[in-house]
Each structure stands twice: as structure tokens, then as C-alpha cells.
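Okay, structure first, notes after.
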Amino acid sequence: MSCPDYSAQGYQTIVVSLDGPVAVVKLDRSKQRNTFIDALALDLIAAYELLDRDDRVRVVLLTADHTAPAFCAGADLSSGWDRVYTEEDERQGRHTHKDAGGQVTLAIFRCRKITISAVNGHAAGVGVTGFQLPCDFRFVWAGAKLSFPFVRRGIVAEAGSTYLLPRLIGYSRAVALLLSGGTYAPDSPLLQGLYYASFPNREEVFPAALAFARELAANTSQTSVAWIKALLWRGADSVEGQHLLDSRGMADLVARGDSAEGARAFKERRPFKFSDVLSKDLSDFVPWWTELDVRQRTSKL
Amino acid sequence: MSCPDYSAQGYQTIVVSLDGPVAVVKLDRSKQRNTFIDALALDLIAAYELLDRDDRVRVVLLTADHTAPAFCAGADLSSGWDRVYTEEDERQGRHTHKDAGGQVTLAIFRCRKITISAVNGHAAGVGVTGFQLPCDFRFVWAGAKLSFPFVRRGIVAEAGSTYLLPRLIGYSRAVALLLSGGTYAPDSPLLQGLYYASFPNREEVFPAALAFARELAANTSQTSVAWIKALLWRGADSVEGQHLLDSRGMADLVARGDSAEGARAFKERRPFKFSDVLSKDLSDFVPWWTELDVRQRTSKL
Amino acid sequence: MSCPDYSAQGYQTIVVSLDGPVAVVKLDRSKQRNTFIDALALDLIAAYELLDRDDRVRVVLLTADHTAPAFCAGADLSSGWDRVYTEEDERQGRHTHKDAGGQVTLAIFRCRKITISAVNGHAAGVGVTGFQLPCDFRFVWAGAKLSFPFVRRGIVAEAGSTYLLPRLIGYSRAVALLLSGGTYAPDSPLLQGLYYASFPNREEVFPAALAFARELAANTSQTSVAWIKALLWRGADSVEGQHLLDSRGMADLVARGDSAEGARAFKERRPFKFSDVLSKDLSDFVPWWTELDVRQRTSKL
């Protein structure tokens, strides 16, 4: 099992720290309103891939400094949209472009731990699509301005948002958000169901999310979480097929330590002590789906 | 057409009775908090398969005694999780296990009649996933505690819940419910949209659901219901494909008696007298999908 | 680029007019409560197909006279359900029937512009399924009675509604609406999320929708809208696949004029002047999906 030292990874744009089994990923470009640049994408992708494999970590919490002008103000447009292209794109041809926002979405989405976004400031574009939608839980400041500006910029809604948003809250709301190109508050009827909790003050968001993360980290099984996330997003296309998959999962987990501990601790009304870890205790049956390779042939991403 | 005598089926754990065209399935393990055991699964599966084929039945209403300690307290963990295995599992190998909760879900889900769950007590685990999610309508006691404990027990969310829950209320809420492992009241924002109606007192739930069931049974076409349920859950993967399917359904039903009666009674502003039945009047075109066989080779389930 | 004269198209049942880049399609059978007949279907299909290809048009707004007895009272049942059959159906065999409601749904659904329905009166059957569900935005009169009568008429829920409704607002609500066969007000919990805005007075609905349409038409990119609609409804079946598609869209749009204008106008805080049009500036990559042919071989539809 790898126990990486996150302070030694050389991240330029984020700070990653462990709070016991909770990993906190903090955006570190406050002065630039945490705008999205390639370096930030690369740091986030590297961090989530490492956190996914680190058995010590049970919950990953993304946040920003609550005094920053924004949680994430979207793409850095100072040099226009051409910034979306990487050097690799130029070498391989622009049609091979793999959008950096989507690469971040995938890194978070594929993380087999519980993921939370603590949105303690305004968010625009990829600050919503890439930094919030792929997470399992979203905490938000009630005063946040949340922008979906794509149709008003002449670009696509990116970062897999056209896949995730309609599934998260239904097509009716997702279509309205993406085609209006508007800016909404968390209590907008259009955003109903997207946020797990909202808070009147910016400084409350992270502590609340951290307390929630600690509670989950202390009382949930790593293998159970990974199985359920996989069943949710990589499921069968019929309820019968899903029954076959979850039966397989049940048979696997019932043979592991965490299920015995879960039943015992529940019966004895005492705190859980789950110890199964992904590196050793996740069935070879996972993943049962074919993972699409989304890397450019020689991409540094 | 078969007219089974439900009192003669030898059910050990449920009571099935006909109230005209409404079948009431009552859980009968009140002293055991209606915990889920193999015998209960087998009774429910047998009953729903019979009710599906009984032309007299138009609505199936699942409920419990409102004085029971729970509507269903989940799996019986008195002997640990090993109880999930049947003798057949042991003979065939545990990897062939077909989860009993999912088998109940399928029996209800595949029932071509209108299905209702009248949740007049607390519900945990399979008491939510297997006894509520596959139903068309859910009535609930506002004071019910609804638990999704899977990640806190080291097992998977079962009974097809990872397929049904995100479709019923969206991925954002479904992921939060399943990964938090929490207990929620029916008025929780996370459960919004899941329940058709809620009632402050336990004793009100069943009578309200029964009145609703009777009204639907009196005024809906059996073939129309079966077609619409099939279109909803076994539809095409594009709106064009769905148009082809529902055109086929329209052409079929317009040639049947119920559509003529529907138009006439509506025009004459009199009660409907629908008489088409599934055993005679459901098109051979249904089912148009391939049903996945989920039985173990020699399973008694 | 075609610039059709909509007043010269010979529509019998609708009036189509241009308000700058906003096309208004007005149902013109007020005395017949805008009931659905073949002629209306044919007019709507022809109009939406033309509007889809007319580069001048950015938003299409469907409405009725707010003094009409209904926005659309559903199918004209004066001669029973047999009216669903066209002469073509009779020639080719009724099993080849292509439901006219679904053909209207498809014409609206396939329109690559922003589509709005301003529901300023009661709506039943196809008045909901065909005239509202395929639109991007729905504005409604708060006093409207919205009926889903299918199970009480002995027919299927048509016009692709069994595909669209569960995706728009989730299966829990969609199943309840379609299997109850009930009539609901826009503020019903079952309809939550379906309407973008509702208004206490009938006469307010159209002006509000028109103002909204004008604002969107002035400030959104035609190509961006077309791409995002395609990504939403013709997306991949995994988030990875969607990332590949939206990356392709991003690379395409970043090379076009509208994205440069979007970034510049945003930076200069001035109104947008988008000029890319579908006939010239939509990538050959669109459509990437295979369009299902839903025409009858010799159908006039």
C-alpha cells in the first residue's frame, strides 16, 4: 500500500493535506480567483489519482479559501479560448484535443472514495461543471453565484456536464440551466436537489463539510462505498441486470471483514471499525465494465 | 383465466386478500418487525407472480399492520450476513448467489398491474429498496424513519436500488442517500418526489392508499396500464425509437374494446367500464424486449 | 440560406410570424379548443422543420390565444379513436401507423434552436405530451389544468412521453402522472421541475415568454445552442464517452467566430453580436449519431 507524502508532490496550484482519513484538496490560486489553467488541471488530476489509490483516505473534500474572490471563476480567458489547446493538441492536431475540464471531471468521478465539494464562493463554468458535478456531495454557500455561461460564450458545456447534470437533477432543469446561460443562486428552483446542504455564511461551508466528511470516514466501509459507486454509475441497462450485479457484490462483500464488523457493531451499538481496504479487499470482479481510454496517445495529462 | 384462492396458497409470512379488483398484500411478521427472511421473499415472489396473471386484479397494494413496530426493519441479522445465502447458493457456489431482495424487487417490478406501497411504519434496507422502490406509487407515514444503512454495514445497496433510485429521483439525491448511509424522514429534501402522499398518522396511510387504489382500479384500463408501464421501463434508447414503440401501442389499443369504452364514457360523462384483460387482450408484441433470466439453474426462487 | 415567407406557407391551423430572431408559432384553432387533428400535426411538422433550417431564427416560441378555451384540449375524439389512422395507415396496414403526436414531438425535439412552450391555457393529452415535453423551456399559467388521461381512455401515453417525461422530471413523478391518469395544476409536487416559470394570469404567459425568448435570441450563439442540445440528448453512454464528444465540440467551436466574440464581448462588458449560423458554421461532425428514420415509406408526414 502506498502512503504518499502529499506535501512532497510539488503541486503548484493546490494544497493537499490529510485530516486522518479525510483528504482536503484546497485550490490555491485565490488571487487569480482560482481560475482554471492547465497547471491546475494537472495538479487536480494527479492528486485525485493518488488519493484514489491511497488506502488511508476514505473521503476527499475539495474546497477553496473562503476569503478568495471566488471558489472558481471559470476558465482563464485572458488569452482567449485558444488556451484550451495544449502543446500536445498542437502536435497531434486540434481535433484530438481532450478538454482539461473533462479530464478533471474524470479524475474526480473515477475516484472510488466518497468525494465532496465545499463550494464556499462564487463558481462559473468549469467551477461548476468540473469542480462540483462529479462529486458525490455538494455543500454550498447560500450567497454563491453559480454561472452556466456556455451558450453566451459560443462554446459547448464541457467537462462531461451534459452527461452528469441531466442525470443528477433531471433533463428539465439541466436543459434550462445550460440553454439559458444564466447565473443562479443555490436556492433557485432550477438547482433543487443538486446541493446536499447550504449555509448563509461563506466561512461555515468548509467546517460543516469537514465534520460531515469525518463522520462518514469514521463509519463507512471503503469497499462498500466503492461497490455502491460502481453499481450506481456503471450499472446494467435493466433492473434484472442490476440485480445480477448487486447479487455479485453482496456475495463478495458478505465474505469480507467489513460486513461482519458492520453487523457486529450495529448489534453491539458501538462505533464501527472498518478495516477492509481497496488495495487488498476489492473484488477482481470490479471493474466489470470496459474503461474507455481518454488519453491522447502521448499526452502529459 | 386463473382465479386463484389466495387464502389457499399457504403463505407463511403474508396475507393476500382481494378487495374487488384491488389485491392487498399484508406483511404478517409484525412481532419480528417484518424483518426480511427467505420465507418472506418466497411468499412475496409467489404472490406477485400470481397477481400479475390474475385478470381480476387491477391494483396491488403492499402494506403492514400499522401497529407493528416497523413496516419492515430490514434484513434479519440475528445470524449475521451469512443468512443471505440459500441452500441453493451453497450447492451451486456462493458466486451464483441471487439476492433475495432483488428477487422481490423483480417480482413487484414485473407485475403488470398498478402497484402501490403503503408504508405505515419505519423501514430500513430492503424495507425501502425491495418493498418500495419497485412500486408505481408510494404512500407513507410522515413519521417513518427511512434508513439506507448499506455503507455503514459493509455491504452493497441491493434489490436493484442502484438502478431504481437514481432513475426515480435523480442521481444527486440517490447518491447522497446511498453514500451517506443515513436515516431520513419522508419530508427530507433528499426524498423529494419519491412519495406520492404522506400522512401524519400511521393509521391513515393504508385507508388512503386503499381509496386511491379502488379509484384507479375502477377507472383504468388493464391493457393501457400494462402498455404504459412497459413503455416507461422497457423503452427505446432514443425518442425516435420510443415513437415507433408507442405508435405500435396506439395502433394496438385503438383496435381494442377499452379505447372505445374510454372515448364513449368520457363523451357521455359516465363511469368507465373497462373489460379488456391481460390474458386475452394484450398484444403479442408485448414483451418486445428480451427478458433476462435471473434464476439460478435449479433455484427454488 | 433560405429565408422563407411564413405567411405564404399555407398553414391552415397555425400562424407563424417572426419577431426578429424569435419565431412565434401560434395555434389557430381556438374555437375548437385547439384540439389535435391531422392538419394541425402537418402544419406544425412543416413549420418546425423550416424554422430549424432558417438561419434567422434563434428561438421558437409555441403558444395559443390566451382567450381560447384551452391551450390544447387534446385529441379530437368526435369520431372516436379511429381518427388516429391516416389514409396512409389504411393503405399500408394499421400496424405501420406512425402516431401524429409523436411526429410533432420529433419535429420540435429535432429543431436545433431554443424551443419554448408558452402554455397559456388548459392542456390535455397531446397538449402536454406533444406540445410541451419536447421543448427546452415551458412557461405556464398557474391556473392551467394539465391532464394525463391515457390510462382512463384505454390508450398508450404517446408522443414519446414515456421517454421524455421520466428523463425530464424523474421516473417517480412520471410514473405517478401517467398511471394515475389525473389532472394536475402546475404547482403540483408531481410537476415540480417541469416548468421554468408560472404566472397567475393567462395573459401574462406569452409576453413573459417572449421577453425571455428575445433576451436569449440576442445573447446566445446558434452553434453553441445546437451543440449543447445535441450533447444533452444524443450523448454517450458514459462520462468518458461524453468527455470525448464535448472535447470535440470545444475544439470545433473554439475555432469559430462566436467563441471569439463571446470572450471579447464578455471582457469588454458589451452586448454580444453572435453571427455564426447553422447552415455554414455547424461542424460536419454533427450529427454523430444515427438518425432513426420514422417516416412511413410513402407517408405525407
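Letters are used for the chains, namely A, B and C, taken in the order the chains are written, and counting of residues starts over at 1 for each.
Convention: a residue touches a chain if its C-beta (ideal position, glycine included) is under 8 Å from a C-beta of that chain, and two chains touch if they have at least 3 such contacts.
Per UniProt, the chains are A, B, C = Peroxisomal enoyl-CoA-hydratase.
Note that this is a predicted model, so its numbers are computed, not measured.
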Chain-level touch network, classified as line, ring, star, complete or other: complete
Equivalent interface positions on chain B and chain C, same or different at half: different
Separation of mean Cα positions, chain C and chain B [Å, integer]: 34
Set of chain C residues in contact with two or more other chains: 164, 169-170, 192
Chain C residues within the chain A interface of the complex: 114, 136-138, 164, 167-170, 192-194, 196, 216, 219-221, 223-225, 227-229, 231-232, 235-236, 238-244, 246-251, 253-264, 266-267, 272, 274, 276
Chain B partner contacts - residues on chain C that touch it in the complex: 77, 80-82, 84-85, 89, 94-95, 97-99, 102-103, 105-106, 109, 134, 149-164, 166, 169-176, 178-181, 189-190, 192, 233, 289, 291-292, 294
